[in-house]
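The structures come next, written out as structure tokens.
Paired with chain B in one complex and with chain C in the other, chain A is shared by the two complexes that follow.
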Partner chain A sequence: MAPFVIVVLAFYAGPLINILWLSVTDPEPGIGNYQKLYETDALGRILWTTFRICLITTFFSVALGYSVAYAMVHAHRKNQHIMLTFLLVSFWISVLVRTFAWLMLLGRNGLVNESMEAIGLISDPIRFMRNELGVLIGMVHYMVPYAVLPLLANMQTLDTRVMSASRNLGATGTQTFWRIYLPLTMPGLIASSLLVFILSLGFYVTPAILGGGKVLMVAEYISVQLLVTLNWGTAAMLGTLMLFSVLALLWIMSRFMQLSAVFGGGAAR
Partner chain B sequence: MQDKQFMKETLVESAHAYKAGRMDRRTFLALCGMAGVATSSVIAGDAKAAADHVVMWNWGGQSVECHGSAIGDAFTAETGLGVKYDTSGPLEGKIREMVDSGNVTADVADADLFNAVSLGPTGHLEPIDYSIVSKEKTLPQYALEYGVSIILYGYAFVYDTEVYGDNPPKDWKDFFDTANFPGTRALYKWANGSLEGALMADGVAGDDLYPLDMERALNKVKSIKDDSIYWGSGSEVHSMCVNGEASMAIIWQNRGRNIETDTEGRYKLVNNQAMAMPGAYIVPKGNPAGRDAVMRYIATAQEVPAQLEILNCLGMTPSNPAAFGEIPEDQQPYAITSAMNIDKIVYNDPVWWGENGSEAVNAFLDAIS
Partner chain C sequence: MKPGLFARLNRVGAWMALLFLVLPALIAIPVSLTPKRFLSMPKGDYSLRHFEFLFSSPEWLSSFAQSGIIAISTAVLATALGTLAAIGLWRVTSKYSEIVRAFLLLPLIIPQIISAMAFYRLLIPLGLLDSYAGLILAHTVLAAPMVLITVSASLANFDPKLEQASRNMGAPAWMTMRRVILPSIRPGVFAGALFAFILSWDEIVVTLFISKFNVYTLPRRMWNGIRENTDPTVAAAAVVLIAITLAAFAISAIVSRRRAQTALKED
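What follows is the complex of A and B.
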């Protein structure tokens, strides 16, 4: 055990401590970098944009993911395999390829706009891309498989006899879903929301390209501070903030349920 | 001891000569035999440590072939040293990281002159040795302590002839005038060039640009925000034009040349009021090939044939005044220092950008997002 602990400390804790240290020492010792958070409007706005976009992305990804997972669990075994294959293929395609695919599909002169113009549905192209809508489309699309997998794991472990019993006792399909199925899938829902939200926080390529430069999220901002403007202290401060936000999220979750159950995907307790 | 040292130096010298093809294998082996050493140890050990090549750090793409044909070949012929390439892009943060970590793997970086202003005084760069590099072979304002301009690139703009066929935009004023020239604009996300263009559009004369009036520039940029998209890399703006997403785009003049070709003339480059940006060679502190070798490399890049070949191959404009008059006829419209354009361009101030660039980029990002 001990050697592994040392490896983990050296490769994870070491750099993390370095970042924390940098955030209070560069360019000068003190909490100046953290003061910037409320002193400059720009930082607050970037964090708010990031939070808002991640929240919306999480909502739509999990909603879509829930339907997909539900359909998969209840499909025939053969169809289930086909669906899983499609899911995994989209899971494996690189973020850059998917981003450019959206541009070709929904861009100003993309397939959708061109076709709608050709059949006279619209006169001016719809601005799907190069704005916040574009970022959301790209991010939700990327995140759906991440949302599906924990939900799938959770739904597969449910005892279907409980639902049959509910129907047998006179509940309608809707009642069974809201009162039995949904509560039972809560651990899966929470795990998938958490996973999607945390991964969304780090999005870089999609907002940078689909946002047309107007949607600035924290990951891109950090990279600019590191590579272009050399404000390493600011970058470290934002990185620290992200780290603690994620840890705080996990802590809040742990108050409500056993995290191991959430990430195991199995039934709670 | 003295003899041993001499022998070692001779062997290292001859290892270089052998590698560069100036000495045949037999002679080299004979020398090694006389000295009583295994050849492999000389080549692999000392010769390597003494560095038999310079590492050029650039931005990839065509620049590897072009730097090779324009500078590398002449440099190798002259000095016997090879040239290797690192194409990962010498962003300021990466240079700082490389020097701070003490693991310097590049000898010369194809960077911006303003990088020399911001990284030089903090001890991340070697000063340019002007006894080897010539101050006369670049524009006088672009030979600085820690960097020297080798090429110029220009922030110009392209426009879509299918959108503005009869009434083409002529200058930055037209570029920022969305009332008379409706259509989407693409601007450079990292502020550079976009700010100067905005100020000139707002009526500031080219000679009075610096220090930049940030507030005025940002207000002008914000005035066309709804009609603007922003690009961060050359390939991005290239596709914005080829896909017809942008009706006008601020662009590097050499990219503009490629876009004209790729769209078969649908997009046209306007070099009027182009901002001449000094691309520069800078040397990370403690570069492995040593000061002398890298300074000689830089000196080679300053020569007129190298300058003209870079123009021909990459579309970057010479910064050596002796080359201005020799720009060939077909490159005249695209080179910003050609006789055709030189009176219409504006010179960027790398000192202002080196000292204020960070705040400017952040303020710009804040304004557009």
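What follows is the complex of A and C.
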């Protein structure tokens, strides 16, 4: 255990603290970097875009994820196996490959536009890319497996006799779902939403490519600050904000679900 | 209990959602077969020229090799670190061990862009920017938590009495480790190594920051290709990556099935 702790301390926690430190020392000591949040309109806009996109992504990913997790838990064993395979295969396909695929599908002459034109659904190609729609499609596609795993962990532990009891007492299926099932899955639902939101906050690849520079989110802005304008102070400030948001959300998440159960889901199969 | 209308509708929806997850990636296959020089769907005629180029271009081949070297080194180091940490945390159960575990899992959950910044800043003074050592170091820190998770999952099913028995019969600690503990958690260690490999092999965000000319990994080359958005070689590379992912996935499925079978026999 000791070597790993030392490695993480020296090569990870140390540098992270260095970033926090930079945010109040570069280019000059003080909270100048944080003042920029109020003074620069662009920064506020970027934070708002990021927040909005993360929220919408979370909503759709968790809605789809809930449906998938529900169907998986209630499917026959064999189907359950196929569904899990689909889920994990998509989980493991490289994010670059998936983003590239959406580029092919959603472009002006992409497969989606061409097929919709061919069957006469639309006369002019729809703009899917270089806007928020494209970013959202790519992000939801990436996040659904992450949304499913905590929900699955939660739903598998439910006692199905409670639902049967509800049905036997005369409740309809819909009533049972809204009054019994949904409240019982609330911890999973919250954990899943928080996980997707956290991962969306710092997501870089898909927004950068499918947004085509038109949809600027915090992660991409940080990378521009570091690699193009060499503005470490602002980048560190944004990184610090993001880091504390993530840690706070993680802390909230740990109140609803054991974190190891959430993360174990992805790896332990 | 007969499924209601809602459940049946939901089942259809869930299958469609799963298809939505898996199918889009497959578009890389037809695009990689286009005979044209630019990214396009092949219309009736197919060609393997982009695969030929992929496997004969020195740039792409060197990226494959570099990614391979980095991913294998990462897998070895991360597996060693993660396994030792998992065993340590499993043996020492105090109120602090959960905090330590959470701390060790941080690299997995903290946004990669922040990790990228931290590593960038770390590697400048060490002189390891744009070097194999720098990339392997960064990827190891990111991948070791993955190993910690899989090995911990294996250890959860391992009976601590076996370890005590071995120690009571006079086996020294290293022998207990090698002959008793390691064999029973081997599937978890193996899965962890595989995940560490894939994580490093795919990693792009940190790599974008800490590599430049000397080290030019496969994801980095793809990233540039995708941004320029013209070269169908990227599609061919994507197909190869999908194939590798599916192969790794199949291997891990076979291993875990074999593990399940041995577990059944032991019962």
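Here is the rule we go by: the second predicted complex is superposed on the first by the 238 of 269 C-alpha atoms of A that agree within 3 Å, B and C clash if a C-alpha of one lies under 4 Å from a C-alpha of the other, contacts with A are read in each partner's own complex, and residues count from 1 in each chain.
The rule is simple: a contact is a pair of C-beta atoms (placed from the backbone, for glycine too) under 8 Å apart; a residue touches a chain by one contact, two chains touch by 3 or more.
Predicted model, so just to flag it, every value in this text is computed and none were measured.
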*Tell me which partner A:Arg108 touches in the superposition: chain B (first), chain C (second), both or neither.*
first
*Quick one: classify A:Val73 as touching chain B (first), chain C (second), both or neither.*
neither
*Classify the contacts of A:Gly14 with the two partner chains as first (chain B alone), second (chain C alone), both, or neither.*
second
*Who does A:Leu158 touch here: chain B (first), chain C (second), both, or neither?*
neither
*Now for A:Asn231: first (chain B), second (chain C), both, or neither, which partner does it touch?*
first
*May I ask you to decide whether A:Lys214 touches chain B, chain C, both, or neither, giving the answer as first, second, both or neither?*
first
_Just checking: does A:Arg130 make contact with chain B only, chain C only, both, or neither of them? Give me first, second, both or neither._
first
*chain A residues in contact: does chain B have more, or chain C?*
C
*When the two structures are overlaid on chain A, which partner does A:Thr49 contact: first (chain B), second (chain C), both, or neither?*
first
*Would you mind listing the overlap between the chain B footprint and the chain C footprint on chain A?*
103, 209, 226-227
*Which part of chain C faces chain A closely enough to touch in the complex?*
1, 3-7, 10-11, 13-15, 17-22, 24-28, 31, 39, 41, 81-82, 84-85, 87-89, 92, 100-122, 137-138, 140-141, 144, 146, 148-150, 152-153, 191-192, 195, 198, 202, 204-205, 208-209, 219, 222-223, 226-227, 229, 234-235, 238, 241-242, 245-246, 248-249, 252-253, 256
_For the complex, give me every residue of chain A touching chain C._
1-5, 7-8, 11-16, 18-19, 22, 64, 67-68, 70-72, 74-75, 83, 85-90, 92-105, 111, 114, 141, 144-145, 163-164, 167, 172-174, 177, 198-199, 201-205, 209, 218-219, 222-223, 226-227, 235-236, 239, 242-243, 246, 250, 254, 259-260, 263-264, 266-269
*Which chain A residues qualify as touching chain B in the complex?*
41-42, 45-46, 49, 103, 107-109, 130, 208-209, 212-216, 221, 224, 226-232
*Over in the complex, which chain B residues touch chain A? Could you list them?*
91-94, 96, 118, 184, 187, 189-190, 225, 228-232, 236, 239, 243-245, 357-359, 361-362, 365-366, 368-369
